[in-house]
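The two complexes that follow have subunit A in common; it is paired with subunit B in the first and with subunit C in the second.
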Partner chain A sequence: MPAVALKGRLTIVLFLMPITLFYALVWLYPLILVFLQSFGVPTLSGKPEVEGYPTTEFYREFASSPRYLTALWFSFWNSLVAVLVSILVGYLLALVLFLYDFRGKRFISVLYKLPLFVPYLVAAFMWWVLLVPKGYVYEFLKALGVIGQGAQLVNDPLGIGIIVANTWMHIPFVALVSLGSLKLVDPSLVEAARVLGADMRRVLRHIYIPLTLPGILASLQLIFLSMFGGFSVAYILGASFPTYMSVTIYEDVVQRYLWSIGSVQAVIYLISALVITYTYSKISRKGLRRI
Partner chain B sequence: MNTTTLAIVAVILIIVAGAAGYFAGKGATQTVTTTVTTTQTVTQTAAGAGGTVTVTQTVTQQAEQAMLIGMSWDQIVQKAKEEGEVNWYGYGAEWDRLFYQKLAQEFEKEYGIKVNYVHGDWFSTIEKLKADKQAGKEVGEVDVAFVWSVPFKEAMDQGLVWDFPVVLVLPNAKKLIDPSLMLYNDMVPVAGKFVPFVWWQVVFIYNKKYVDENNLPNFDTLLDWAKANPGKFTYSDPNKGGSGHTFLISVIYWLYGYDKFAFKPFSEERADKIFNSPGKNGMSLWEYLNELEKYMYQPGNYPAGNAAAMELFAREEVWLEPQWLDVLAEWIKEGRVNPDEVGTYDPDPGIAVGGFDGMFIPWNAPNKFAAMVLINYLISEEVQYKLVTERGGIYPVVQGVWEKVPDEIKQKWKMLPIEELEEKFLQRHAEYMFYAMKKWTDEVARK
Partner chain C sequence: MRGAPLTRAGIAILTLVIVVFVLLPIFTVFLWAFSERWPGAKLFPEAFGLKWFRLLIESGALVQPLTYSLIIAAIVVVASALISIPAAYVVGVKRFRGREIVESLALMPLIVPPIATGVGILGYYTQIGFKSNIWAVASVHLIGAIPFMFRSLAAAFESVDPALEDAARILGASRLRVLRHVYLPLITPGLLAGSVFAFAWSLNEFLLTLLVGLPDIVTLPVQIFRYVGGYYIQVAPVSALSVILLIPSIIFLILSEKYIRAEFVPGAGVKG
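And then the complex of A and B:
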């Protein structure tokens, strides 16, 4: 290795040092503390919770308790459903706004962005009030015959309230990202297809959807992570059981001062998020290549 | 290639920095522990300048404590005025903040001691003190920490509390509503270091339109009432609202008897054994709650907190529920529930009293005298009277206040006679209550 190149590299490393240290302090240091605490090392709890640490005792507790396993599974599938619904609605909305001109379009395009300005906690309470019996949405659905007497839309074991609020919060994200990608599609492609006799449905299927899919899938991943780890919506609208894992962490740490099992859950949260993201990017990349 | 090397170097740096940071922190903790030991055995710590300094500090501290007991209250107030300011860390809702800030101003006017009121939450206050302890910070920022029994227990366990029984010197503490509060709060031993400030109370609230006032259910008949009025009773998820867990411990007391728990040691085995054994009506705790659930509002669906339960009541979805008196007061103030339709009562053998949220002085409080004077002020008749009349839905923690409160105020906030509550005076056992809350998720919510 030539000396000059080495010296150059060293300079770069030295130049990067301050920012690296900053990142280390701000992001990695807390994570290391959580990681150590999950093995019972008292980094967060102040005093040891068990004798003889490090120990995998808390991981075993996690694996043997239906409370935590159900919470993990519930957070996963419930967020996934909410993501799919958001994608569907958000993409359709973006298509309509992109393809059609109609009166009141400006109004609609302002209106659908409103959730972006609403804090999660406020949205959660808002949907709770709307979906609880005698709430406007609940009574409306009942009048339509969609739901029957005694139906549960909030604090229910299926997490319907969570799905509704999360979907509502994230539709604007999907719509904005999709609209952006739709606008990037080269209009000459569409013109060419139209000249060659393709109808709108074929244009959609063969031009718009394949070309905008990467953007949509990227937004899917981001909003999935934000829902999966989200707290306020799951706390306010969720049932007593099952709950999101963010809620069980809150109960364990804030109410009971059980730092170790709380940290185990945090570590598992992080790992599952990483695994999901990784698998997801693999799958979506493969899927895209096929298109 | 270049970037890969860089990335590897960066990661290594990050890990090294993280580990260094951690061990630096740990080092500090160890120093603290050693200084604590040195303080106990003064003779052993002759080595090192640092050690000597701590020893002198402790000697002064111990002398100070001995002196404190001998000091007159006027002298303490004098010292407090010399300190000139006090930092009070409180928590609560927005209306609480406004109320406490008003109290702080009035205190300032009376004593000329500046109060810095910091509105946060009890969890972050304890975490802040814990961080101080780990960093070995002997002069902190918190003089008065407002928390409740469970965080206080955590503070005691972590050694965050000033090792001095402040109730002994506070003149107003002698008038506490029940002398046991000097030693226990929710049956957590407090050794005089935790001074109660508010008495919250859960009662049963009912809708007068639908519930027969002459035939109100007590704990013995609650299940029958629920069977006769299916879907009209609920209680807050115990893990999300205090009215829920206070109800839970009250059910436990009713089923198994208060004496089984009052000031008894806690162990998970004992708790499991009791909670799974048949109680007063032949059912175990979990059997009873599951049976009750069948006739409750939307079986299996528990309101997520006091406010949610209150909202269901206000919408007439439920007719009967355990609820905090102060939450009801807030709803009445805001006009969200018709006060003429709400009734309150304490079902026999009684709902547990409390919590008695209160104050402690941290070990590293910079203005301990001013802290004592502030705490004494907060439990004065004058402030306690304001709590009852202005804040609403709260009982005083000192004697001689309740009698002065006009009847119309008591009626406005639907307060029950204090004598009735004092006669029963079932205190919550924090450890059994918390264990029951945790098990409740598995035994009731899941089933």
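And then the complex of A and C:
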């Protein structure tokens, strides 16, 4: 009955209307303004920042300035390192919690999730307190001889502080996802392997890891993006240069009112995030197929 | 499984490292917050007290921001539920073309870096004069809160038996009546989970609040940022403020442990 189908379709559109309208107005429209502003059209700045718009002048400025390219590259590799460390430690933690019984396990399996709910800003501040000279971790590492006199763990050019805080924030998330998928592994597979004489190491290598890791990697792309696009951790723990692109955008727009070049960065930042999402899901899907 | 002695020793060490790693930052911040006197060379404070909390209250850095944070979070919970329920209903219950597209579009706000949206919103809100009030701040909090609310609700709607709706409809109930009397009681757990995340999101959101809230609307995170954003960080007062923001975090942890299915938790930390 076409009449009923039409009515059903109309209902669906109607019911999707509030959420669509909201995002169109408060999210998509501002992004379109940013896109236009990046070509010099004064949609955000009010008055034109350049004569003769639209122009690609600001994109050329972006491409020729080491400040912006370095920021983009720094955001990428620094968050990638943090992602890899988080995945490694988080997965290890999940394996221990999944495979072994020990005293205090219940306590630990609640405790490790605490960072999930801690605001980024607070996490960044807490690690700043620990990693700054005279902070507990800094002094401990110095006493151990891991770091020398005058070493910098925060506001440093390598972004060590950023990596530590981001890792702290995201390990629980990795562990949570990993535990969930470890629990889904068919126990009879493990049983069979054990009966056939496989030791724990082989069971891990040939059953648990290949069955769980690809799915875990796939569900972790949001972590990468939240680190890559994050602001507060990079702002508080990062150096003034090189730093994350979120910080250079903030400085340009909020502190120096350079709307067009800020918008160019925002557009490129956004596109990079989409490219990361796409590439990541492609790689993890390929990994899935191989198994 | 218990494992060989060597494995057990390894696990014990690993466990200890994890406990220290997770707790050390929080422990240190509590030390600072409750320290009355802490000479630079000492490992621990010499005296404990509520000095810094008193200072925060007297200087007006606590009560007003806390009030704003709570009011805005309440608005965000209600608004995100109202906006998400209709969409979650059709996505969870109806089968239609483009359903997957709607679902993956709902993730877009989490993929785009908040500063990119923030630049646009800052310019746009400045031009239309919609800044520095609680509604402007609530509207930007909704951007990140709705995806969580929507996902929890859609999952809840999906788990309801569609035969219940058919039965009610055949007996003459209107669509709204069905939504209210059949679905609402059944989706309550999903609604609660979504509310916890929307509330947590709003309480912790910082970057967009900073952009559209100033000068009048200062929430707790923005207040923290005022202390730590400059060249000189005042550790003790910021620690006291952090402790106040950590209390709800611990409550959320306990709530989610008790009432919320784990799969809703992922991504709870994607905020500026």
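One rule holds for everything that comes next: the second predicted complex is superposed on the first by the 264 of 291 C-alpha atoms of A that agree within 3 Å, B and C clash if a C-alpha of one lies under 4 Å from a C-alpha of the other, contacts with A are read in each partner's own complex, and residues count from 1 in each chain.
FYI, contacts are C-beta pairs under 8 Å (C-beta built on N, C-alpha and C of every residue); 3 or more make two chains touch, one makes a residue touch a chain.
Here the structure is a predicted model, which means the values were calculated and not measured.
Applying the stated clash criterion after superposition on subunit A shows that subunit B and subunit C collide.
Residue contacts after overlaying the shared chain place A:225 against subunit C, while subunit B stays out of touching range. Once the two structures are superposed, subunit B and subunit C can be ranked by residues of subunit A touched, with C on top. Judged by the touch definition given at the top, the superposed model places A:129 against both subunit B and subunit C. When the shared chain is aligned, subunit B comes close enough to touch A:155, but subunit C does not. Of the two partner chains placed around the shared chain by superposition, subunit B is the only one that A:238 touches, whereas subunit C remains out of contact. In the superposition on chain A, A:260 makes contact with neither subunit B nor subunit C. Using the contact criterion defined above for the overlaid structures, shared-chain residue A:251 touches subunit B, although it does not reach subunit C.
By the touch criterion defined above, A:173 reaches subunit C but does not reach subunit B. Of the two partner chains, neither subunit B nor subunit C is touched by A:86. Contacts of A:181 after superposition on the shared chain: neither subunit B nor subunit C is touched.
Subunit B runs into subunit C after superposition on chain A, and of the options 2-10, 20-28, 56-64 or 74-82 the stretch responsible is 56-64.
Taken together, the two complexes place residues 9, 12, 16-17, 20, 23, 29, 31-33, 43, 46, 128-129, 134, 235-236, 254 of subunit A in contact with subunit B and also with subunit C. Here subunit C touches subunit A in the complex through residues 1-3, 7-8, 11-12, 14-15, 18-19, 21-26, 28-29, 32, 40, 82-84, 86-87, 89-90, 94, 96, 102, 106-107, 109-117, 119-124, 126-127, 139-140, 142-143, 146, 150, 175, 200, 203-204, 206-207, 211, 221, 224-225, 228-229, 233, 235, 238-239, 242, 245-246, 248-250, 252-253, 256-257, 262-263, 265-272, going by the rule given at the top. Across the complex, subunit B meets subunit A through its residues 2, 5-6, 9-10, 13-15, 17-19, 21-22, 25-26, 123, 130, 133-134, 150, 154, 157-158, 231, 237, 239-240, 298, 300-305, 308, 311-312, 315-317, 434, 437-438, 441-442, 444-446.
On the subunit A side of its complex with subunit C, the touching residues are 8-9, 11-12, 14-20, 22-23, 26-27, 29-34, 37, 43-46, 92-93, 96, 99-102, 104, 108, 110-123, 125-130, 134-137, 168-170, 173, 176-177, 179-180, 200, 219, 222, 225-226, 228-232, 235-236, 245-246, 249-250, 253-254, 259, 262-263, 266-267, 269-270, 273-274, 277.
Chain contact summary for the complex, subunit A toward subunit B: residues 9, 12-13, 16-17, 20-21, 23-25, 28-29, 31-33, 36, 43, 46-47, 66-67, 128-129, 132-134, 150, 152, 154-157, 235-242, 251, 254-257.
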